[in-house]
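Quick one: this structure, given as structure tokens, is what I'll be asking you about.
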Amino acid sequence: MVVQQKLNLILLTGRTIDQGVGKESGKGTKLYFESTTICYMDEVDMKAIGLRNNDHILVTSPEGSVVLRAVKHPRGAMPGMIYIPYGPWANSICSTDTTSIGMPSFKGTPVEVKPAPNQPILTLQELLRKEFGR
Amino acid sequence: MSKINSVTCPVCGCLCDDIELTIADGIVAQVKNGCAMCEAKFFSHSNEHRLKTPLIRKDGKLVPTTYTVAVRKSAEILAKANYPILYGWSSTDSEAQRVGVELAEEVGGVLDNTAVVCHGPSILSVQEVGIPTCTLGQIRHRADLLIYWGCNPWSAHPRHLERYTAFTDGRFENSEWMSYLNKVKAAAGRKKIKSLERKGILKHRREREIPTVSDNKPTEILDKKGRKLIVVDVRKSMTAEIADYFLQVKPGKDYELIQGIRALVRDQELDVEEVAGVPVEYLQQLVDAMISCDFGVIFFGMGLTQSPSKFRNIDVAISLIRDLNMRTKFAIMPMRGHFNVTGANTVFTWQSGYPYAVDFSLGYPRYNPGETTVVDVLLRQESDAGLVIASDPVSNFPRKAVEHLVKNPLIVIDPHMNATSLVGDIIIPSSIVGVEKEGTAYRMDHVPLPLKKVVDPPKGVLSDEEILNRILKEVRKIKSNRLEAA
Amino acid sequence: MDLLIKNGFVYDPINGINGERMDIAIRNNKIVESVIEKNSKIIDATGLTVFPGGVDIHTHIAGSEVNTGRLVRPEDHEKDFVRKTSVTRSGVGYSIPSTFTTGYRYSLMGYTTVMNPSMAALEAKHTHEELNDIPMLDKATYPLLGDWWLVLETIQKGDLEECARYVAWMLEITKGYAIKIVNPGGLESWGFGRNVHSIDDQIPNFGITPRDIMCGLAKVNKMLNLPHTIHLHTNNLGVPGNYETTLDTMKCLESIPSNGKPVVHITHLQFSSFAGEDWGSFRSGAAEIAGYINNHDHVSCDMGQIIFTDTTTMTADGPFEYTLYQLSGHKWVNSDVETETSGGIIPFHYKRKNPVNAIQWSIGLELALLIKNPWKVFMTTDHPNAGPFTAYPKILAWLASKKARMATFKRLHKKAQKKSILPSIDRELSLYDIAIVTRAGQAKALNLKEKGHLGVGADADVAIFDLNPEKVDIANKFRTFRRAFTNTAYTIKGGKILAKDGEILQQAEGKTIWLDMQTKKEIEISEEIKKKFREYWTVEYENYPVSEHYIKNSSPIKIKADV
Amino acid sequence: MIILTPIKKTQYPIIAQCISPDVFQEKTLEQINNLPIWIGNKRRILSDLFKIEKTTENSPSIIINGDVSQVRRIGWGMTQGEIVVNGNAGMHLGKKMSGGKIVVNGNAEGWAGSEMKGGLLEIKGDAGDYLGSPYRGSTIGMRKGKIVVHGNVGSDAAVHMKSGLIKIHGNSGPFMGFRMTGGVIHIQKDAGTRLGACMTGGKIVVSGVLEDMLPTFAIEFIKGKVKIELGDKAIGPFFVFLGDLAENGRGKLFISKEKNPQLSQYERFL
């Protein structure tokens, strides 16, 4: 199989139980960081761009880009989609279009995914500093 | 060491009220009956991320200050603002929310709660078509068809199934827990058989092959007696794993799927072979199961409200329930996230007439999501100050909206250090509602429940209600001084 | 400071005072024999009409259903908003005003006490939280008990004493005031999408009938010595031909010993007085109903008068709301509550040119005018079901003036005009009668001893209207009368002047009145019931009651029960 | 004639429903200067925001020279006269208007022509979301009148439309004509997704590409041309679909045959 450079996929964001426990324990906890900086992908899609579990990827949308850890979706296929748990990392690339009802497009933003083996995942503080200068 | 029973859990919209706590040395030592999130919440009161003293930003750095100063500075910011926003409210009690509405009215601000980024679209649809619904006990007693659509209670509302739906015993319906266990055993057995096959010990025992549980094709499972559990989602979630039937829908095509089902419920013929990736023939079987149940229910979540079409998805989902009530009894319910987001909607509504996105800038409540929703106000860069309470928009809003929030003076009231308090200008610590402060919360089905105070807050830390009352008093003082000066 | 209302025309039917020129003296929050004039604030009521503060026996102003009604109707609020002032909070109308606005608007019309008639016990905390935010009024609320499983089960067992103890417990822990029954048996049936269609239909899974529930609870009401009667919304409400069900209902309660006093209050009777087989042959059954009530003393009722406007219907009668949904196709809310009740909401526009609505309008007035004794029939709109309470002055004009009602009548659908007997009714209510149907009668039916009159010891709740009964014939000058009753000259509650000439002067908190039940045997909730609690409800026993924490100004009435 | 020229920029929303020929009529310049408006949560007067001039011509019309995209409710409920905006206009332009004419030589924000009952609204640029659609919770959409948009239109336009005409020279967003019961819409270029969803009456004509056809529409026949209004016919041929079947609806979609070969699979049902 020819390994591609990048893939165009649909971004879904949502809940996971680890993210839920993490947010209740505290946004500064390791659990919160680890559970919100991962990106679930379809096994076939991962192979297509030569990813193995826990490889770093760069996810880019019209709103910006973010480095995350790619993890194989544990249950069944989800071709063409990636799933990132809610959190500041996911939100840095979500579409802002509210279609005049106040709700940004947290699910369904088109994104580009490519391997980023040498790029680090930013911590919460680093991310906030990068995005808002604080 | 003391035990406290029947404690209400202040985490999600399930508001489980059977939690048993053991308190030792003024700290929660043990949590019984709760889920993982519940435990984390009750233990969090004593962890290191707790805010204990007010902070104020000086030369770009947050430095400690007093409540008096923090309250006065906050009041000055709000009293001066031309278009402040007051956002959050979903993780506090209705007592604090009441003061919040009064404060927003006093400062002529835009009052919004976290529903805007979760079930706001559901509310918009309810305002268009209504909602046939019920309390959760009604489902426990009567529902024989349970559909979770675009939601994943296993992860987001972990005890929903065990307290209210498939795995509970009601007056007229029984728990499916045993049959679920059997299924798990069968699946384990299947794995074993497969592994034996792989090892070449067993060869093709087809006659005993156990069918896989979830496939897009509805199996005879839809004809089984007792409660049936169906999950509709774009990916196989944890909940889908345990369902009797999992229907995988193409991302962003829920709208078409629901409309297709509606047409079939109305005995219409479709000119297409498949809808949203699902053959019409399968849909017909699903529709038959819906019509022939005694009491059906659809629970829905962010899978519908946040994906393309947003509130129109809910609009047609509710319309489907209206249609189904011509044939049998059916209900629908949003899976509310924060433990008291329903309370925020409820309190805002009784005081102002509107559930969220209330703009008081003209001296009376005005409501038009898209115009008066906080996310839109921020994206259009209209506000000039912000108060955030009991939520974390910097984690939950898109980046562009946060940029404007941070550009203006930002007051944050929260028990914990979170992304928003890290970037705020005045940070006011508060006690944890439902752990260190008693109050009231509304469950996802609008049932009000009392929250308990089980431990003392850190020394000197005030409640949300008290902090808001002090700010309100200070704002009134500033305004009357201003009047006198004029 | 004491307050002296001087020289007004006083109407106080409970004390038999009919328009005499009198002074009313107020000290603190009570009416007293006299006060020293020079130490008092004087209100010169010369040429004005003085009534006791208004009492509304049935108005949906708070709780889960009302608030959901508010939530689903932004378009109803958008056109009617109220700005904040230095003394009042902002808010919205129209058909379901926000809480503060509700209080202000009632107060401006001279009302001081209102009864919220529908509360699911499981959601009682919500109702009380909202009542706390309704200023200007004293309030009480009725829990829905007619389809509560423990009532159905004890009646099925034939154990009324046990039933009575449960009811007493429920009244106390929900901080309620009366037993509310809605479409008995119908709501339980609606749990599976069905309904009952006569008072002798079997209720699925319980083996009893609506008759059993109504008679059982009427007896329980006696055993508990409750101040009010059972408060009943009949079976088949809103269905053509239902006046026969209503007659059956009243007849089945004849056997309850009454001592000449009512044993049942049938609420919004207009909706239960329909004759005809279907909507096409729809006509009024008011004459038959009124005839029965004129000959029997065990029934009181209120009108549920239709107003031609866009309003919001809301009732615990889920199946009825579903019927309305099928008729209108409008947005529909259904909300069933586990083990207790159901509920529904539909926005509805009553139109003069709709023959059914027009006949309904006529039915309400026929009832109020044909029932001879004004102490038996009270003025309500079942707010907001038949129209918002702000329309009360219109109804009073129709009751007091044939000219007023004929002016509206002439604009009705022609078919409805032909079917109506209203033109043949000449009766016009006097100011004295108006005082009965808007306060004295309602207070008496509720047995609120300190309300609805101006005798010594009564609460100092007074409404003063800018109307000179010697100069204005209200039957003729109905517009003047209507205007006077739209905004009081003064509304006084608890001895404080709250409103003057259509303006709120100060915001005051009202009391919440509830029954502190004293049973002979301490109401004990057995372990068995506590266990049942977990089976029946999805909340813990301990978290179910409404603690006094939920009531800002608590005003319990001690009731000694016979069980 | 009154000429308004914006003299101040502000980040806050401005509510100025007084900008209407009905309000300006028979008022002196001073009275007009003092008409109340809101900037954020502060009460102000019209002259705080505009230089206001009155020409000798005694016609009830208003010209706004400049960008007023922050100014909401211009022409609210107007019944007569004319407003010309030489710039972009803010939300709720011409809301509830029942007569007269509004021309925007620029773009209009959301809810333009909302709950319109008559008159003409012409937008030379793009229109935002909810064009001609009702307020939240209301089922009262456009009742009468005409809206012409020369550019593109956002989402949820013509919701609950009952009567009247909407012409779009550009593209439309998703959910155009949601729950419409009557009236005519002509989209001269491409239509967004979920066109005509839940419609029960009226017609929508698409001369360009339809992004996605809802499964709940059934093909009826093919038609050569269709009437838009007196003296204006759209030339086809068009596939004619009936729906929305989920509502037992009888609304009609006319979709250009030439531009939409992907729909030819439906022809087998004819």
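Before moving on, here are some points about what is shown:
All chains are identified by letter, namely A, B, C and D, in their written order; residue positions are counted from 1 within each chain.
FYI, a contact is a pair of C-beta atoms (placed from the backbone, for glycine too) under 8 Å apart; a residue touches a chain by one contact, two chains touch by 3 or more.
Here the structure is a predicted model, which is why all the values come from computation and not from measurement.
Relative to the centroid of every protein C-alpha atom shown, the closest chain centre, again from C-alpha atoms, is found for B.
Once the centre of each chain is set as its mean CA position, chain A and chain B turn out to be 21 Å apart. The geometric centre of chain B is 35 Å away from that of chain D, both derived from CA atoms.
As a whole-number value, the distance joining the C-alpha centres of chain A and chain C reads 57 Å.
For chain B, residues that reach two or more other chains under the stated contact definition are 124, 127-128, 308, 360, 362-363, 367, 369-371.
Among the residues of chain C, those touching two or more other chains are numbered 72-74, 78, 330-331. Multi-chain contact residues of chain A (touching two or more other chains) are listed as 99-100. By the definition of touch given earlier, these chain pairs are in contact: A-B, A-D, B-C, B-D, C-D. Interface of chain C with chain D (complex): residues 72-76, 78, 330-331. Within the complex formed with chain C, the residues of chain B that make contact are 5-6, 8, 17-18, 94, 98, 102, 105, 123, 126-138, 140-142, 163-164, 169, 171-172, 294-295, 322, 325, 328-329, 331, 345-347, 349-355, 360, 362-367, 440, 442, 446-450. If you check the complex, the residues on chain D that touch chain C are 134-140.
Residues 62, 64, 67-68, 70-74, 77-78, 81-84, 89-92, 97-100, 122-123, 125-126, 129-130, 133, 191-193, 205, 322, 325, 330-339, 342, 345-346, 535-543, 547, 550 of chain C are the ones that touch chain B when the two sit in their complex.
Every residue of chain A that touches chain B in the complex is listed here, in rising order: 10, 12-17, 20-29, 63-64, 73, 75-78, 80-81, 83, 86-88, 91-96, 98-108, 124-125, 128, 131-132, 134.
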